[in-house]
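Okay, so chain A shows up in both of these, paired with chain B first and chain C after.
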Partner chain A sequence: MTDVVYLNVDGEQVKARPGMRLLDVLREQGVDIPTLCDHEGLVPWGSCRLCMVEVTERGRNRLVASCLYPAERASDVYTESPRVRAARRFVLTLLLARNADVQLVQELAGRYGVSRLERLPAKQEKCTLCLRCVRACAVQGHSAIGTAFRGQEKKVGPPFDEPPADCVGCAACAAVCPTGAIEVIEKGDTRTIWGRTFELVRCKKCGAGFATCEQLVWVRKELGQEIEDKLCPCCRQRDEAQRMVKG
Partner chain B sequence: MSNILLITPERCTGCGSCELACSFKHEDEFKPTASRVSVLRFEAGVSVPLTCLQCDEPYCMAVCKTGAIDKDADSGLVSVDGNKCIGCRMCVMACPFGNINYSVTAKKAVKCNYCDGEPECALWCPQQAIEYLPQDTATLGRKKAYSAKFAQLVEEVQS
Partner chain C sequence: MATEPAGSDLPEILARYPRQPGELLNVLIDLQAHYRYLPKKALKETAEYLNVPFSQVYSVATFYKALSLKPRGEHVIKVCQGTACHLRGAPAIIEELQNVLGIRPGETTSDLKFTLETVNCLGACALAPVMMIDDATYGELTASKLRNILQKV
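Up next, the complex of A and B:
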């Protein structure tokens, strides 16, 4: 296998490492490829279909999701061709119908000149089904959430819509969500997410709730040893400082 | 690692210049709470500036499942790649010293990485309470004296 692949991106020759994702090659070139589902810390999924580009390789031309497509051989890549723009407009038309109020979707729709189609009923859903949350949960080994149903009914959530037993309450799902669709309620000493309420562990010194018990159990298991679980991070630092001056 | 960040609490006046320099460098604003270095102030005018110790075997890195936290083999610096961080906060729970933070606005972990080799805090400290010095016998000896106290802390937790 060669250690470099030559691509022709919109008429310009570009070098890439074989096996590199086309999306990363294009980003390195400064090409702005729209995407909702891609996250560098998560496995590529290809669910939003916004990063589609046109590739001509060995005489064959097709649309590919650049987040899943590896650069392996010399090819011509078109990032804003009429076919690419039409594919993105199609996806954005559907997204704009389901996620009518989502700013990110509205901005992308604006960029591609997409407006609402009257015949598609407008829904005010926040979730775009990009599944970043599901992958963020799975990468840690919890897999507390997944998808249920298919087609128009498809949705993300815990099994049977019950408070998820495997959730540790870390809220990474909410942190990676590009549209703020996942609600986390921190109230007093509790954190509620996916319908499950966690009691927060209080810091022995300042009394602040700083983690769920399940989070600390998970960290302990991952490290294979005991951890500082009595003090919040702030008080740990204060403790560390005190030791420095006391000697 | 060529240089190390050395802290001398006896010299710290608690002015907080390091926190301002740090937050301005990384967040474009003068905001001590967003700083990667913290000045811990005690009674009788005693203050200690603290930041990440760049552990040899970082707990934060050990619990990170997305590879967002990495220790550079040459420089020894432990850094967070914000693009890979999913905001699970496990690193924050794992650090025994509380030296890695979670940014509520960015929804990601943030920590000191010695400004990639040019720490602003050391540059702006008027008292040389934070110094960025070559890693020689003298500086390492001073650092080890403090490390011994932290080792004691870790032992207490584990026992």
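Up next, the complex of A and C:
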């Protein structure tokens, strides 16, 4: 296999490493590709269909999701062709109907000149079903939340909409959500998420509530060792640095 | 056929399958046939047995129409709503079934005898309007034929 692939991106020659995701190649070139479901810490998913680009390869032309498409051989890539814009506009029309109040969706719709289609029933959903939260929960090793039902009824949440037994309250799901659809309430010494309330552990130094008890139990189990001093990531870094300076 | 929540027969059902995540759907279909629905407890134990996250078991259990979280009737009635059946009077058939059974599509009678469902095509358009009760097909239906059929079930 060659160690370089030449792509023609919107008329400009671009070098890429074989197997690299087309989306990453394009972003390195400074091409602004809209995405909802893509996240650097998560497995590529291809569910939002916003990163579609047109690829002509070996005489065959088609639309592909650039987040799932590996650069493997010489090809022409069009990132803002009429066909690409039409595909993105279609997706944004549906998103705008489902997520009418979501700022990110409104911004993208504005950028592509998409306005509300009256015949689609307007919904005020916050969730776009990009499934970043589900993947984040899985990669953390919990898989406490997942999808339920399908089609119009499809939604994300814990099984039976009950406080999930497998959740440790890390709130990684909320952290990766592009639309702020997952509610996390922190009040005093507690954090409530997915209908379950967790006790927060406070940093010995600064007093910030930085993790839940369940989260630390999980980390201890994963590391197979005790966590000696309970410091928040910030104070821990400072502590380590000071020890290095002294040492 | 038992409808009580997962009891002692659950381990026996699970034991028919190797403990592999890929067996999930096979187990769920088997549980559905046995209990006529998927009890929560059975789903939890299935997750544990196959080493699949409970959230994923729930995801699959709610995805397929053949699986149900609520108890279904002893007999499942599927009335075709395809174009041919619709034109030849399916709406009247559904209305008559609703009147006789006292339930709407998607519901189950309180004695757990019948579940009423609508489907989009049974592939027997020449027999329109058509319905299925369990594995038997009934065609060229009329309201008067319906009562006869139901009484025989």
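Rule of thumb we're sticking to: the second predicted complex is superposed on the first by the 218 of 247 C-alpha atoms of A that agree within 3 Å, B and C clash if a C-alpha of one lies under 4 Å from a C-alpha of the other, contacts with A are read in each partner's own complex, and residues count from 1 in each chain.
Everything that follows uses one rule, which is that a contact is a pair of C-beta atoms (placed from the backbone, for glycine too) under 8 Å apart; a residue touches a chain by one contact, two chains touch by 3 or more.
These figures come from a predicted structure and were not determined experimentally.
Asks: Which partner does A:M244 reach: the first (chain B), the second (chain C), both, or neither?
Replies: first
Asks: Which touches a greater number of chain A residues, chain B or chain C?
Replies: When the residues of chain A touched by each partner are counted, B comes out ahead.
Asks: Of the partners chain B and chain C, which touch A:T147 in the superposed model: first, second, both, neither?
Replies: Touch status of A:T147: second partner only.
Asks: Would you check which partner chain A:P158 touches, where first means chain B only, second means chain C only, and both and neither mean what they say?
Replies: Once the two structures are laid over each other on A, A:P158 reaches chain C alone.
Asks: Output check: A:D166 vs chain B and chain C. Expected answer is one of first, second, both, neither. What do you get?
Replies: The second partner, chain C, only.
Asks: Just to be sure I read the superposition right, which of the two partners does A:V176 touch: chain B = first, chain C = second, or both, or neither?
Replies: It touches chain B, and chain C stays clear.
Asks: Under the contact rule defined above, give the chain A residues that sit at the interface with chain B and also at the interface with chain C.
Replies: Overlap of chain B and chain C footprints on chain A: empty.
Asks: Show which residues of chain A lie in contact with chain B when the two form their complex.
Replies: Per the stated touch rule, the residues are 39-42, 136, 139-141, 170-172, 174-176, 211, 215-216, 218-219, 222-223, 225-229, 231-245, 247.
Asks: Under the definition above, what is the set of chain C residues touching chain A in their complex?
Replies: 40, 43, 53-59, 62-63
Asks: In the complex of these two chains, what residues of chain B are touching chain A?
Replies: 7, 9, 38, 40, 42, 46, 48, 50, 59, 62-63, 65-68, 81, 83-90, 92-101, 107-108, 146, 149-150, 152-153, 157-158
Asks: Considering only the defined contacts, which chain A positions touch chain C in the complex?
Replies: 134, 137-138, 142-150, 158-160, 164-166
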